[in-house]
């Protein structure tokens, strides 16, 4: 149970059917007036029940800040927050107490800890990401106001958004339920998800995230390279199976003469296969990366599995689950990226000696 | 400049044309008798000049341990080590003092730090990975002796090793210069690299890494999930552009019914699209992941670029460089993975209360 | 805002007149059945209003655990907890919004953060220690059951408990209101505190803490020596001004021939001026240390001070404050020490290679 | 084996009779031109053989910087350094292989690690502090140039420097061999040390350290209070037994009316019993603290002890040892304090939101 962040840190807690989720953000700078409505708006983007293609569970996901803010301004002291769990139907899960569901974390938690809270997946539930949206959407407000972090669903199953992000209007991402900014592709994705849902099945996909206007200099080689910190954060998201940035896996097929990004005289680059990061440090160009998500493991059909005694049992998913987690994962990717960027952005402020002398706190 | 590891940690130092590379490993357990020959063997696998398809620079890469070992046994105190730089031709780089090479870290280091050691890329040189091979091959010896960590080159440019890892004899990886265990594919890869080299060009590829016999329970959700720690480590390798594990990006195209790994009654799984990790914790099945590497940025042909004043200049790569970094990256991937595993393996020992009571240090 | 602990960590939040205090404990081992009554009992020892010589504020200090415990057993996942604030009379503090009270943190918080929550001292309030008692009394349960951690008031102002701890019955500490196990001295201390209180003044003192039966081997030289970690923890307590262990400042007057602790053949030592720690590691003998506390800064008499504009103002303390903080600091010292010990105790389990191989998690 | 520092960190290695000492400093800011002569000068102040009252061992203690500096300027990358051991007479120690010397760390290292390097105390040797002087004297150069950190010997055994630091000329500290700035007291101390040395005995003492002109705002409550970080650092010094700052243990005898530091209208305080720190944050007044050192455990006379089998043996110290470690500890205290201050000084730069926006790294 390791924290998120290197200087700006987040410690979280909470299980699916426990009392509450929440966390503590430390080293948040004093003097910022958080836009709390924006934080709630980001939570609403992640919330169940917001459209017909996501789970119909009802959770208000309303966050309460318990400390670190006074008269609407951050005080520099730790920010505690809490999201109370509601609408818990824990008894729905009693039949799972001794069952290991396929491709869930039931077996591994049991092996690791010798005990697990089996209600709704306990700690392994993706509901944990509610904490990340709170912390990330707050951390985002540390970044310069023109930094844009925009994620969208770039594929669902075999349906890909073929246009590169440059040809999309990313401000339109939330205009449809699946959060793909290309209306025609979105339509096909939605249709596909509805089919899959009707079958009691689930489906995977990818999310692309684009970061614009981040200043050059952000990222801490050797072990805190910008892409490495992003990769770590993204691979901590439940169901994430892969991460690539810039040219990614395609870049592995290329030659150096084709891949190198030549400079313009204003230090921008003619191409951007580097994905805005060189040597682990942002270069001022757009940063873009892609995250792969496997299909949700909970299907509403019978599957053969085993219980903790090693006997074969039949598991039938029931309850209200997502057939495709991608639309709700968009704000998770965005805000988690924001937390990583804010952390490294702050650290970067200390990396030149001259900067430090500029401010004088003397009495 | 953040460290590697959460409990077992590595701090490194060194620049391409500085005096030496080296590092400090803390929290290494006492009482282990390191196989130093094995460490040197791993360094030799990474060393330049070991075959005709890699750079012909001569570096002995001989490591000296300066502390933490007494009479051939680790003492539990920090292990300092050093690899002295040799064969430096720093004057080769004077023409680069004010030049920003395409897709290198020259520009970003300058922006971030206001100064850079331009000789051989300074800190951004991949020579840093020599430290990781030392630390990783030592950490590997903490793991149970039957844990196998085997990486190999799974693609070079458009040439892919089509066989899945299960159909390969991974003990044959080092039998050829490119480190692909499929002899026919290896042949084609070698031919391709020689062509590319003759052209003064470079080429990318992928490395697959397979970990067998890791006990179940390794990995620290929420923020230290096994795949997340591996992804972070891998994306810190110079030239890495992507990471996927288990079904990876392919998994994003699948449905839940196809993707779920059903259990056998002995808790193994019938399929292993999970890649040996569920909920961020190892489940005892094989772990496998793939890392994408872009082509090396240094080409031996003229490229247009800019200098630090923003004027156009022509950069002509010279010196002894790798046309394809993949064969030498194989031991880097393996040993870096080993470090991550050893760190999480140790932490896992503390996660059950009963374990802790078993040992009694009383006088 | 740095966390407590190196492996077992505590992140806290909360301000005196905010909504709640609380925290997150990470890496707490799974499988322990916490004695929650004991935790509440420790909170009650710290609580205001428990006797006539401490502040008469009413705070129930009732802790709610929000996660990390299932069916009465820890699950290994982060333990979130909260203590809601009650009985807040925030308007009592409006007159202090722009005033810097002498020897308080008003001025320094303002300089550091540019803003402060002036209600009841905000973050600088000693109410923060309520979090430490919760986390410490829980962490204490990780330690072997025969480890005893016993603190007591060893001086109030000029009144010293002259007997060494060996001559005291430390189980009697809570038998009187001042928590000094020597009844006669306790009587004098109580009388002195009542006098001081009547004068509207306050008084300092010292707390001695004794740890028995801690196994040898706990402590992490070089930078995590047992005494250093204890010193850091203790000096973080509000009003603490000094720390000494074993012979302490008296030891500085001695010669080596007098100070050295000679061994018996069972590895106990004839004397224990080392205070149970040699080279930063516990040696199995009693650990004992002493913490100095300055008098509480809030006096109920007029004092001259300044406001944030630098103009002279008169400050008159009002409200319900401790004339002597020592009795309530006893459980803080004990439980904070417990947290430090539990953290280092766990880490020590990983420091020998053989131990680690003893447990096998294989499927 | 935990690192020093929270943002600016130091990892060290080395044993008394190993190959070398050294360390890695991470997050050191780029663009500083270190005064290397000053670093060597501080090492010379700590070096054995510098006067007749300290050990006559010959060690040049010459530091080599291996990385992180280019053309005389720090590059922001990790700074590796090494101090090679010389003049090792390891065979002097063979008789101690199985012997536990009184009040040394022989027994505890053996219990903790199951192995120890018995030559010269191995890792437990105070020679480790050579690393701290290097790192601290470099970190000191980050601080504003008018910050003064001045330590001196304030007592040797029963001989105290009675004058408060304000009445001493701290620039005279190095004018005599014992490093007490009061010439008459220094004379008495030197005489006492010579007597003790002649007897083959050793003696303890205290060091006072004064820090002037540190800006207000340095220190990170709750768990990184300035005094707590200083206490931790100081208690990690070999032989340190206590720490107090400001009024310290004397403050525990006082009343609030006497102890409170009243403000002047320029925010200085009339008295400074707070010792320049309020609420864990510097207030711009002088910081002063005192560290107690026990007498060196190695006496040159016969002592009864035990071996690792628990049999009684006679230990006779031989070799060249300090009769009083205080004069050589003065630069250790100063430079270790400097490291702590530099770390917290840097962190403080990030604690106000407005500061962070002032610098713009955009291309």
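Letters A, B, C and D name the chains as they come in the text, with residue numbers starting at 1 for each one.
One rule holds for everything that comes next: a contact is a pair of C-beta atoms (placed from the backbone, for glycine too) under 8 Å apart; a residue touches a chain by one contact, two chains touch by 3 or more.
Because the structure is a prediction, the values reported are computed rather than measured.
Compared with chain A, the chain whose C-alpha mean position is the greatest distance off is D. Of the two interfaces, A-D and A-B, the higher number of touching C-beta pairs belongs to A-B. The mean-CA centres of chain A and chain B are about 26 angstrom from one another, to the nearest whole unit.
Separating the centre of chain A from that of chain D, both taken as means of CA atoms, is a distance of 45 Å.
Residue positions 1-3, 12, 27, 30-31, 74, 76-78, 111-114, 123, 216-217, 221-222, 266-267, 283-284, 348, 351-352, 354, 361, 363 of chain B are each in touch with at least two other chains. On chain B, the positions that touch chain D within their shared complex are 1-3, 9, 11-15, 18-24, 26-27, 30-31, 64, 66-68, 70, 73-80, 82, 111-117, 122-123, 361, 363. Within the complex, the chain A residues that touch chain B are 1-4, 6, 12, 100, 102-105, 107-109, 111-114, 123-124, 128, 155, 157-158, 196, 201-206, 216-217, 219-225, 227-236, 238, 240-249, 251-267, 269, 273-275, 277-284, 292-299, 301, 303-306, 310-312, 348, 351-352, 354. For chain B in complex with chain C, the residues that touch the partner chain are 7, 27, 29-32, 74, 76-78, 142, 144, 215-217, 221-222, 266-268, 283-284, 345-363.
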